[in-house]
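Chains: A, B, C and D, in written order; residue numbering restarts at 1 for each.
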Amino acid sequence: MAVSDLAALVVALPIFGSLVAFLAALVRSKSGWPVAVAATAAQLAVTVTLAVRAFGEGTITYVVGGFEAPYGIELVVDGLTGTMLVLIAAVSLGVLAYARRAGPRSNPFYAVFMLLVAGLTGMSVTADLFNMYVFLEITGLSAYALVASGDRGRSAVAALKYLLVGTVGASLFLLGVGYAYIDTGTLNMADLAVKLAANGYTATLTQTAFALIVVGLFIKVAVFPLHTWQPDAYAGAPDTVSGLISALVSTVAAYALLRVVFTVFGTAFLDANPFAHALLVGGAIISILLGSLLAVSQSEVKRMLAYSSVSQFGLIVAAISIGNVTALTGAAVHLVGHAIMKGGLFLTAGLVATETGARSVDEYEGLVKRSPVGAGVFGVLAVAMVGVPPTIGFAGKWYIAVGAAEAGSWTLLAVIVGSTLLTLAYFARLVERMFFREPTADLEPAVERADGALPDGGDLGGSDPGSASLGMYAAVVAAAVLAVALGFAVFGYGDVLQSTIEALLS
Amino acid sequence: MMDLLVSRDYYVATFLLLGIGTYVMIASRNLVKKVIGMNIFQTGIFLFFIAAAYVEGGNPPVLTMDAPHVSPLPHVLILTAIVVGVALTAVALGMVVRIYAEYGTLDEETLQEVRGSE
Amino acid sequence: MNVELPLLAFVLGAALATAVLRDVLGAIIAFATYSLGIAVVWVVLQAPDVGLTEAAVGAGVTTVLFLLTIAKTVRPSGERVIERLDWPALGVSVLLVGVLLTTLGALPEIGSPDTAVLTSEVTTYYLENAYSEVEVKNAVTAVLAAYRGFDTLGEAVVVYSAGVGLLVVLGKEVFA
Amino acid sequence: MTDITSLRPLAAVLVSAVAVVPILASYRRPNLREGWTVLAAVCKLGLVASMVPAALRGDVYVTKLGPFVPYIDLTLRADALGLLFALVASTLWLVTSFYSIGYMRGLDEHSQTRYFAAFAGSVSSAVGVAFASNLVVLYLFYELLTVATYPLVAHDETDEARAAGRKYLAYTFGGGVAVLGGTLLVVHLAGTTAFTAGGIAGLANSDPTLARVAFALLVTGFGVKAALMPLHSWLPDAMVAPTPVSGLLHAVAVVKSGVFGVARVLLDVFGIDLVAELGVGGVLAAVAAFTLLTASVIALRQDNLKRRLAFSTVSQLSYIVLGIAVGGAAALGTGDAAKWALIGGLLHIPAHAFMKLTLFFCAGASTSRLTPTTSRTWPASASACPSRWARSQSPQPAWRASRWSPGS
């Protein structure tokens, strides 16, 4: 095991960046963007270094303050963590490129943006359950505030709902941690795993802890029927923010679920408790099916994409419930893939709204003539999301499905494979409208901009409101290219991830 | 049965507080009261931790006092959690103020009507 | 018969009052009372630091925040004093309480000296080494500042994020 | 039989896909755009043809691109069966390209750039299907073929075209799901899906029930594009597409990729011996025979010329499937019967392709000159456009004879 204080640096760096972005307003207002870009670029460099080391030298640990593991708070970076860290930094950088023109531009916005990065990073690296709760709340607080940064009243209502439901989720998680703590007297994940095993997996306290933690995280992941906050939040947030949180927040919550289920409770627990297994399988199947059905019935594009996330995270939960090396590799691949595809789709939806004002499914008619780049990228990402090979959407699904076959979970296999058609159902009707219909209504480019209700929000960087910036195009095109290109990199990634997953399952 | 309830009275109180908090969050039409409900829900969980740290006849975990000490760790956790709770409340109330400025109501149903015609 | 049962009854009563009072100001006052009661509970449970914080933060800051909010918004005045009972909500909360009560038997007795929390090596380690390693007599402070300093950093970040978050929510610039 | 490692199969697949970029880029200059199409078609035919001598010697060109997903290598193999299909597709693409240019300009069609780009993409995918070395690579190109042909089906942008496009997507992606499910089962049972002459060894020793399920899923999935009844109904509807599309894709490339998939499953995944042992060959033969007869009867009753040709396609495709299935069913009996059935079935791939494409071209030529496309108006058209009418009649006898000629 390697030791590196880079593990603490990745949390500290974005916090520091946030403070600088905040204080930079003393010098000049609207100076948050360059600071955030610099901090995120540095963050990306550090996380890549850390990930390369985690893959090369094995798990990296660091105990904050120099104390020993169960007494102090331990940070652990293995291959899976490294993946998440790089994903968080890279997606944030992409969203920042987009946000330059599109997004709210006040300094506090970028300060909160960096705090979200810090919270997500903290959730990924920590190996202590209570510490995870603290970062879960930092993530939550910044996500709630970011959703509310839109200048429409709708944003505030969506954010409050998100806050109330999200807090219940985090609180149930905390209560579950409480049960685990009363059961064992420790909070360190590795230490908990040993002591829970010693107590026996059928102890009521252990079972309750599992159920509460899983349900709490289900809320954060937005598993059906605990997803109710999500469509409002994604649709109510400014486009920049929906791109960011749809790509990262549920993703890291799902990572946390995976981490807690396997590091703390372990496969032996799942084997000993059919109810625990059923909880995961049930959540997965219901989310996949009902999420897709609800997505089909939406008239607003961003809400449709939000319900699509419910369905896609069903696949991740399915992978967790299967719990073998192949399926969990698939979970990691799909977490990354979904982040890129869904983040890209939300940003594209924002780009389209900026260029043409179209926000509803019907308004997308004939889009290819009005926003060729938007329609093209949307089409590519939709195809990737459906899971057409060789995109990353296919790769993730393939791994999870092979895992299901290895485990002999035929029902899950059928649902996973069949989900392709469900995904197709809601994307096809949009693609058809974009490419094979004439535009019906003349729409005005988005005049109402998500500008954080700035009193002086009239400053549009000296450009006309209907045009998107180069950064916006770059961000969405990069997402489309990555969604296809990463499909070819998956095998190599799965290979280096294997030892991490094997360690996780042992 | 009675024994069980009395010997674990704080846990029972925790559960009841969680129940009351949930009820207020769901049943109240007023947004401010929903936030109050959230606070009750959270303090219920705090009680769970602090009660777990307690030992009969114990002293606070100040090392100059005589043993037995109650466990210091849950206290630390809950100190953090209390601060988290206030932070959440502050942000939530900020949103409530925004909503009122925007729609002129804090009543959930009126809000829905106003937004329906948006 | 000691103080705990009446105290808990008081706390639960105050919580119930917030639930049933239709008047928001009344509910806020009931909530402040509730927070004070909880602060006393912490002291009874030998957690004076938590009790102090709760009294300052829970009963103090939070109540002020609530009062500020209704000052900035509206205090709906209704004809009714008591909220109407919401059966679905009651069903959900009774279900939650019922489910949680099934775990009651598995929880250790309160105050029992041989629970995992008290006998665990972590607790023992803190009590034995806090002074020698951190040189603070109050183990809570030692753990807060040293052993779990990372949590405390997180706590500071939470406060900071609530501050910036509020600016974002209310759409204000930092120094404007 | 030796493997020759070479980039030629990959180049043959990609040349038309790469051409999509300049085709899209030169949307303002139609002559240049069509130039790219023709250039790509010539290159593609040349590349495919250049591999034929090796195939006749018994050698195989192989492109290895490394592993793709667990158990699966991204490898392209231009073996004899694949080359047969690729050669048919690329030869006819060149012919169809010229026809398309005249047709699209003659009718002054809209969205011609999208049309030519999607066409190039479709042919790429079809050749990819031909050169796939395992089920997953086959599935990859099979799905891409669906994606690439969808814009062609919905090309008209009328309600009818969009409805046909939706139906097309639902059927073919539904088939894709079945193929994926079957492929996963094969991976589970055998640990590989690489095409092996005579069948994958691991399958023979696996659970026969699961093997039957896998076979059923795969044949159902490929059967959608092969238009086996009752999975055929997308094909007549897809005739709403421009005629060159109906001609090349819905009489040759797309439907034959389905048939080709069935052939691969029977010959190189399960192997005809195992198919016979599992008793699934007979079932498939029965379905094919039913389709063959029923579709012919329906074709008799179609007024719309292109729909009539579509049902004829449904029927003719089943000859191929029948040949392969009989080969599978008879493998345990006399060896010779199986062999002749297989050869007959496979030979009908090019035979039907050339004949049906010509028929569609004639139908399209009359469309571009005269609007009505029902067979009842044809006597009138014969006088209005005599040379085309004569040409459209001439393949008919050959088509009638064809059902007997290859196998006899």
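Throughout what follows, a contact is a pair of C-beta atoms (placed from the backbone, for glycine too) under 8 Å apart; a residue touches a chain by one contact, two chains touch by 3 or more.
The UniProt protein names, listed by chain, are B = Cation:proton antiporter.
None of these values were measured; they are calculated from a predicted model.
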{"item": "Required minimum of steps from subunit A to subunit B, each step between chains that touch", "value": "1"}
{"item": "Chain pair showing more contacts of the two, B-C and A-C", "value": "B-C"}
{"item": "Centre distance in Å when subunit C and subunit D are each reduced to the mean of their C-alpha atoms", "value": "68"}
{"item": "Whole-Å separation of chain centres (CA-atom averages), subunit B against subunit D", "value": "65"}
{"item": "Averaged-CA centre spacing for the pair subunit C and subunit B, given as whole angstrom", "value": "5"}
{"item": "Chain centre separation in whole Å, for subunit C relative to subunit A (CA means)", "value": "30"}
{"item": "Shared-contact residues (touching 2 or more other chains) in subunit C", "value": "105, 107-108, 115, 117-118, 122-123, 126, 148, 151, 154-155, 158, 161-162, 165-166, 169, 171"}
{"item": "Of all residues in subunit B, the ones touching two or more other chains", "value": "18, 22, 35, 52, 73-74, 77, 80, 84, 87-88, 91, 94-96, 98"}
{"item": "Multi-partner residues of subunit A (each touching 2 or more other chains)", "value": "130, 134, 137, 141, 144-145, 148, 156, 159, 181-182, 187"}
{"item": "Parts of subunit C lying in touch with subunit B, wherever the complex brings them together", "value": "4-5, 8, 11-12, 15-16, 18-19, 24, 27-28, 31, 34-35, 38, 41-42, 45-50, 53-54, 57-58, 61-62, 65-66, 68-70, 72-74, 76, 83, 85-86, 88-90, 92-94, 96-97, 100-101, 104-105, 107-113, 115, 117-118, 122-123, 126-127, 130-131, 137-140, 142-144, 148, 151-152, 154-155, 158-159, 161-162, 165-166, 169-171"}
{"item": "Residue ranges of subunit B in contact with subunit A within the complex", "value": "18, 22, 25, 31, 34-35, 38, 41-42, 45, 48-49, 52, 73-74, 77, 80-81, 84, 87-88, 91-92, 94-96, 98-99, 102-103, 111, 115, 118"}
{"item": "In the complex with subunit C, residue positions of subunit B that touch it", "value": "4-24, 26-28, 30, 32-33, 35-37, 39-40, 43, 46-47, 50-64, 67-80, 82-91, 93-98, 100, 105-107"}
{"item": "Sites on subunit A touched by subunit B in the complex", "value": "130, 133-134, 137, 140-141, 144-145, 148, 152-154, 156-157, 159-160, 163-164, 167-168, 171, 174-175, 178, 181-182, 187"}
{"item": "Residues on subunit A engaged by subunit C in the complex (per definition of touch)", "value": "8, 15, 18-19, 22, 25-26, 29, 64-65, 67, 70-73, 104, 106-109, 111-112, 115, 118, 122, 130-131, 134-135, 137-138, 141-142, 144-146, 148-149, 151, 156, 159, 179, 181-187, 195, 203-205, 208, 452-455"}
